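In what comes next, chain A is part of two complexes: it sits with chain B in the first one and with chain C in the second one.
Here is the complex of A and B:
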């Protein structure tokens, strides 16, 4: 099916199932522990052996030798695949540092061997007997000292853009902000580690794994191992969190495949937690300079956002500027995104790559500007709202935007009028209290997505697509879409996901999954309706499908009478979308209290008012938004991979050292969705929200801390050591 | 994890003798720290002597009005005990500020005293560490040290004792009771239990090889208001940046110990005498010899501010 023009009225505008809060259909499996996660799939292949990955002890250099004898003689050991005895594996379009690189070491904890044994304990024990000698070489591990002279990430596009005359306008502006903000490296720290069971059957490789993008994984694995794509099968029905860390196949899959080949047995690997942080990918640290100039009435005349990050091959940094051309008006603009070469582990996508870090700078700079203008920060944002076209790209139309409503409704519900504009003045016993606001923007992309629907003789419909459910609720919204389109109750739909033998979907990433995968399922269901119509001899496109029947012109057919049918469908998007910016918008509010003695910050309330078109399932969408808000609070308050600039690695590489929020940190969250529709995105008029929730709340928390204590910290995370000496007197 | 042999001891003497005579043997109690360290090969005992069957599970009143806490009493049981809640509230508060409910169910009184440091470099066997391999060097010095020690440390090691329970026990003047392999017993004041390790950071306590903790006794309650304030980057399940245990009397005198700053709960009697003069006086005396890094020097003003908050609460 082609989507070549904005959607008109369609069946989703009178929906009975889509758009209604619906408990997860996979919920019972999850709460009873019967949803099979990768490392628990004991039944998929007989005689599974266990693999243990050995990570490099240096960040950069060469392996001089590996003594494998003792490990090979250890009890239960079946095979060892070691860097010194194996060619480097190939590369793919989806990773920058080799996942198994022969003698060359390109980052700390890069896989240098896998030990395969009869038991997990034997594999782990034998791995400890491997003696590796290295020739360590110096590397570049410090972004701040590597950023000068760093080139643009690419010419043009989102990495370099000028509009009007920024320098002149900024110089002439009567009120201006010029500040630099830093955000640290962050880890996805998902609950389920990388995990794979790999098995060979002749030339065919099956990976039961945990992966967000099944088709990318299949392509990458073929490329890495130098084998035809059709010989690779990837299966990932349940994923225990990914946040972008599982967009790509990683060392668990590669080493399980190599280990299984060497052992001639299926091999299971669940990556040990201490390896996750340096072996896997992370969100890159950024340095961001914001310059905003405004008239005394608050109208922005000049805005520049410069961003620096670093990566191992100097590709694909963290582009903190992404939201800046979209959010606020202003005739004179500059965007620069530069990338330095670093020898730290590979930086790559983490939830709202670019924007999550970018809001932490832009939305604090806006708070600083509001203070200089003596304006309310909500009003400043509303005054500079964009309409019609994208401020940084006037040739591009805005599809549907209600940011002002988000901010106004949020302010009303949050009690924003009670905020004291003078910071450091609100007291509650020993606590200093404050409120903060931020706007949120995150793109609402779509990508082509396919599905297959099968109707059985009794009229039950089964959907098959390689779409994934990474905890987001994909199973449920796909079932809702199919039930709505076919006119069936939810119980008459079964959803099967995550298997590369199913039609290729959008996968889960970039908050494109909900909109794209449901549109693909809709396309397949429309084709099934047409097959039913042909079989029973009616015009399915004109008929109304409800209660298991199709009705047209006073005639009615029971759809099950069409018998067993299978329809494939795919939603493709036309060029017309290129003329539009499809975005999601939010107003984020936070309230904190800071202990005037110790500086401890407690978030007391958070609110997000979201504009993301039709919300397919408000229950699971809320769960996405509040999850993003938790992660955003974590980014502001504590998350921080400590770089050891001598040894070149992330030091705090376990869940004790890398702190993420606990329940006690997040006492009260609220999420409200506006009842908007975006006809440009898809026939569903629905945009994703998985990343909108992390774009802005962190800045709202940072602004609330400033409002509470009157000290501005521009170096994230905002921990007490950075402001303790400047707190107002405790009593 | 290396292979090891395992036995369950039936008597304290048997346990002490087993560990004393077998090279590389260690006691196993709750295992919440030791087993994790074994999985990472930071600890690699050849033999474990499990003491869970020993009769150390009771909390009893002592003749002098204090209590005797069996070595195997769980953190959960100890913190919830009515007499502890009533007479030694600082201990209840300290224990409940640590770990998680599940861990406190398993963690024992003796084991918690022996909890090893949480320094990230100690936990990464690729990194030099004098505590793991004496003579190897300390990679934390000059590295990531925000969480680490500011006083009582050495050029060999800047780690901290990470626990909470012992900090409260320090202000209560607890005594650690042990049995040695020859069957004799000794009583070690908690002030002397953890060592300032100097250039032997692998030796964290004064326990001899095979010496087994049987109990911890607390003297008669000293009244006063009890406080335990643990400052950390999140509100639960994190080690202290700084913690302060204090018992404050109506006349502003009292006892105070600091956690998260040193190889042992940090209590300086001469500093404590300055409590009526306020937090600044106490902390400047208690931390006079501090040698912080740029990353952790905030711990000293944080200790002062935390104590100031406690003193203010005590007065109100």
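Here is the complex of A and C:
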């Protein structure tokens, strides 16, 4: 099905199931521990052996030797695949750091061996007997000292853009902010580690794994192992979190496949947690300089956002500028995104890559500008709201935008009028209290997505697509979409996901999954309706499907009477969308209290008001948003991969050292969805929200801390060591 | 080494490597995979089970330490067709997303309500001698050993409150 023009009125505008809060259909499996995650699928292949991955102890250099004898003789060991005895595996379009093989080491904890043994304990123990000698060389591990002279990430597009005359306008502006912000490297730290069971059957390889993008994974595995794509099957029905860390095939899958080949039996690997942080990918640290110039009435006349990050191949940095051309008006603009070469582990996508870090800079700079203008920061944002076309790209139309409503309704609901604009003045006993606001923008992309729907003789419909559910609620919104389109109750739909033998979907990433995958399911269901119509001799496109029946012109057919049918469908998007910026918008509010004596910060309230088109399942969409708000609070308050700049690795590489928010850190959170519809995105008029929730709340928390204590910290995370000595007098 | 435990009310006999943790005994040897391995180092809480009535991180104790112990895992609390009230409340309040930390959260949540009923104080309990109220912060403090990276905390607190007040 082609989507070539904005959607008109359609069945989703009269929806009975789509758009209604619906408990997850996979919920009972998850709460009883019966949903099968990758490493626990004992039943899929008999005689599974255990693999343990050995990581490099240096960040850069060569392996001089590996002594494998003792490990090979250790009890229970079946096979060892070592880098020194294996050619480097191939690369794919999706990985920058090499995953395995050869003597060259390009980052710390790069996989250099897998030990396969009868039991987990034997594999782990034998791995400790491997003696590796290295020739270590120095590398580049410090972004701040590597950034000078760093080239643009690319010459155009989102990496370099000029509009008007920024320098002149900024120089002439009566009120200006010129500040630099830094954000640290961060880890996805999803709860389920990278995990794979691999089994060979002749030339065929099956990976029961944990992966967000099934088709990418299948393609990547084929190119990494140099085998035909049709011989690879990837299956991930349940994924214990990804946040971008599982977009790509990782070392667990590669080493399980190589280990299984060497051992000649299925091999299971769940990567040990202390290896995850340096072996996998991470969100890159950034340095961001914001310059904003405004008239005395608050109108922005000049805005420049320059961003630096680094990566192992000097590709794919963390582009903190992404939201800046979209959010605020202003005639004179400059965007620069530069990337340095670093020898740290691979930086790659983590939830809202670019924007999550970018809002931490832009939205604090806006707060600083508001203060200089003596203007309310909500009003400053509203005054500079954009309409019609994208401020930084005037050739592109805005599809549907209600940021002002988000801010106004949020301010009203949050009690913003009670905020004291003078920082460091609000006391509640021992606590200094403050409120902060930030706007949020995240693109609402779509990508083609396919599905298959099967109707059984009793009228039950089964949806099959390689779409994944990484906690986002895909199972449920797909079931809702199919039930709505086919006119069936939710219980009459079964959803099967994550298997590469199913039609290729959008997968889960970039908050494109919900909009894209449901549109693909809709396309398949429309084809099934037409097959039913042909079979029973009515015009399915004109008929109304409800209660298991199709009705047209006073005639009615029971759809199950069409018998067993299978229909495939795919949604493709026309060029018309290129003329539009489809975005999601939010107003984020936070309240904090800071202990006037110890400097300890607690978030006491959080609110997000979101504009993301039709919300397919408000219950799970709200969870997506509040989850993003939690991760955003983490980014502001604690998350920080500490770089050992001598040896080039992340020091705090476990869940004790890498702190993430826990229950005690997170108060009751509120999330409001505006009742908007975006006809440009898809027939569903629904946009994703999984990343909108992390775009802005961190800045709102940072601004609230400033409002509470009157000390501006521009070096994230905002930990008390950075402001304790400057707190207002406590008594 | 031979080992006998009562798991979810059923007597089980195992022959185990002394290095095998209680977590791996459950997941790998008994194929009770509802209990999750998130970190294997007692840092995340995904492996929480209830041993002789008290919650523990099953990755932090060796199976052979549990001779004769009574162990309740998530599978022992309820089944998809017959949910424990806490499991049902998690579904109703969407107290999860990816679901991987969920069995540990639920085992902890059930235990936390019992700990409060039994007067076991926490770091945020003001009056160590009096009744411990079911305040939001009291629940959150006690649940803080169970990380949920998806960030379902607010919903989990609501699910627990509903069960506690039922």
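Definition applied: the second predicted complex is superposed on the first by the 730 of 731 C-alpha atoms of A that agree within 3 Å, B and C clash if a C-alpha of one lies under 4 Å from a C-alpha of the other, contacts with A are read in each partner's own complex, and residues count from 1 in each chain.
Going forward, a contact is a pair of C-beta atoms (placed from the backbone, for glycine too) under 8 Å apart; a residue touches a chain by one contact, two chains touch by 3 or more.
On a predicted model such as this, the values are computed, not experimentally measured, just so you know.
Of the two partner chains placed by superposition, chain B and chain C are both touched by A:654. For chain A, the partner that touches more of its residues is C, with chain B and chain C as the two candidates. Of the two partner chains, chain C is the only one touched by A:31; chain B is not. By the touch criterion stated above, A:720 is placed in contact with chain B alone, chain C being left untouched.
When both complexes are overlaid on chain A, the residue A:121 reaches chain B and chain C alike.
By the touch criterion stated above, A:190 is placed in contact with chain C alone, chain B being left untouched.
In the overlay built on the shared chain, the residue A:663 is in contact with chain B and with chain C. Once both structures are placed on chain A, chain A residues 121, 125, 274, 654, 656, 660-665 are touched by chain B and, in the other complex, by chain C. Of all the residues in chain A, the ones that touch chain B in their complex are 57-58, 75, 121, 124-125, 128, 274, 430, 595, 597-600, 602, 637-638, 642, 644, 646-647, 651-654, 656-657, 659-665, 717, 719-721, 724-725, 730-731. On the chain B side of its complex with chain A, the touching residues are 1-3, 39-41, 118, 120-121, 123-124, 126-127, 139, 142-144, 146, 229, 231-239, 241, 298, 301-302, 305-306, 308-309, 312.
Chain A meets chain C in the complex at residues 23-24, 26-37, 39-40, 42, 119-122, 125, 188-193, 238-243, 270, 272-274, 470-473, 619-620, 622-624, 626-631, 654-656, 660-669.
Those residues of chain C lying in contact with chain A across their complex are 17, 19-20, 24, 27-28, 31-41, 43-44, 46, 73-75, 77-81, 83, 87-88, 90-92, 94, 96-103, 106, 136-137, 139-141, 143-158.
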